[in-house]
Amino acid sequence: MKAILLLFLLLAGTIATAQTNNTIEKKKFHFGAEQDTSAGYAQAVKVDNVIYVSGTVALDITPASIKRLYQTIERSLAAFGATLQNVVKENLYTTDIEAMKTHNEARKKMYKGDYPAATWVQISRLYMPEAKLEIEVIAHLPKK
Amino acid sequence: MKAILLLFLLLAGTIATAQTNNTIEKKKFHFGAEQDTSAGYAQAVKVDNVIYVSGTVALDITPASIKRLYQTIERSLAAFGATLQNVVKENLYTTDIEAMKTHNEARKKMYKGDYPAATWVQISRLYMPEAKLEIEVIAHLPKK
Amino acid sequence: MKAILLLFLLLAGTIATAQTNNTIEKKKFHFGAEQDTSAGYAQAVKVDNVIYVSGTVALDITPASIKRLYQTIERSLAAFGATLQNVVKENLYTTDIEAMKTHNEARKKMYKGDYPAATWVQISRLYMPEAKLEIEVIAHLPKK
């Protein structure tokens, strides 16, 4: 009886260990901290050779604010040794897609003629009520 | 002449075979079935070491419904031996982002202080007309 | 003094080289060109064994236009030897989710009963003011 209980505990322990072993190694980038514990997110998370960059925000849609937004994305990528060249996918959410189309040259300049796959949608609002533009990207690093 | 035709058929066959060989091995999780053949989707699909979890829905935005939603995501991940620790990216779509901000503590508790990259947007409506919240995640398992 | 300057330039050079080495190899597909340099995107980008397909558009939501949209996605995937079987994730953005639900059979037919993880949201508008439907997918190829 005791032997069966012991065997059970041993097996249970093995299963628990197996699950624990699926923990992954993530590297995070945020501004002046590892992550934002108030809103509960990290500006960028790297796993394997993939970097997921959170929606990065601009309060208005002007060439200057678009440039600043992409510079923030660049800074997030640079933390892992990547640049906008490493971006393969972009999702753009805006409350005013016409304004974004008007100032797209400011965005295109940042990519230096090497564009990712992209989807743009106009939505009702963003996390901050006054924000007008939010862009998230997926970037890949070379495989070791 | 016949030899050329034979060679052509042989090459055509090789190309066709090559395309067939690009089929990938996907593992799916759904509730009580492999997938939902009515709406046409699977709750979660695993390929390589990546798990894509479909938008998971809550009808209202309360601490209890947010907890239930993440428990559904947890269940989807558990089918592949993963937990919320494995989540690297979260996309949150809601009809009421203010309500979600008010009850964000319920969400943060589920991540146990280890947050993914995240993008939140307020949209017009979801698949079910009465749904108010939909969250999708990407999770990675360790590479073998 | 000159030696220190030389050492500095050497180190700076090494860092610059290290950054350059993180450049990734992307393969792009677009219609009749490598990418759309006007809007600034590529219809599909392949990196490693992953294919990111840009939001693909339909101006109205009918069985015929849904079929055409998925055929465009199929064409994008075929450029890399993939089919809809390789799709693991789908994001659908529409201005009229009820219409899309009404004609979902046209979409389901394209997947031939093998469905991806999926998220559908109703948004305010798309890139083209008259567009009603935009679908993006992530597909994986077998690892070599």
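Observations
So that you can tell them apart, the chains are marked A, B and C in the order they are listed, and the count of residues begins at 1 in each.
One rule holds for everything that comes next: contacts are C-beta pairs under 8 Å (C-beta built on N, C-alpha and C of every residue); 3 or more make two chains touch, one makes a residue touch a chain.
Note that this is a predicted model, so its numbers are computed, not measured.
For the pair chain A and chain B, the fraction of shared interface numbers is less than half, so the two copies use mostly different residues to meet. Overlaying chain A onto chain C using CA atoms gives a rotation of 120 degrees, to the nearest 5.
Centre to centre, using the average C-alpha position, chain A and chain B are separated by 16 Å.
Looking at chain B, residues 123-124 sit in touch with two or more other chains.
By the touch criterion given at the top, residues 18-19, 21-26, 35-37, 39-45, 47-48, 50, 52-55, 91, 93, 123-127, 134, 136 of chain B touch chain C in their complex.
Residue ranges of chain C in contact with chain B, taken from their complex: 49, 81-83, 85-86, 88-90, 95, 97, 101, 104, 107-108, 111, 113-124, 138, 140-143.
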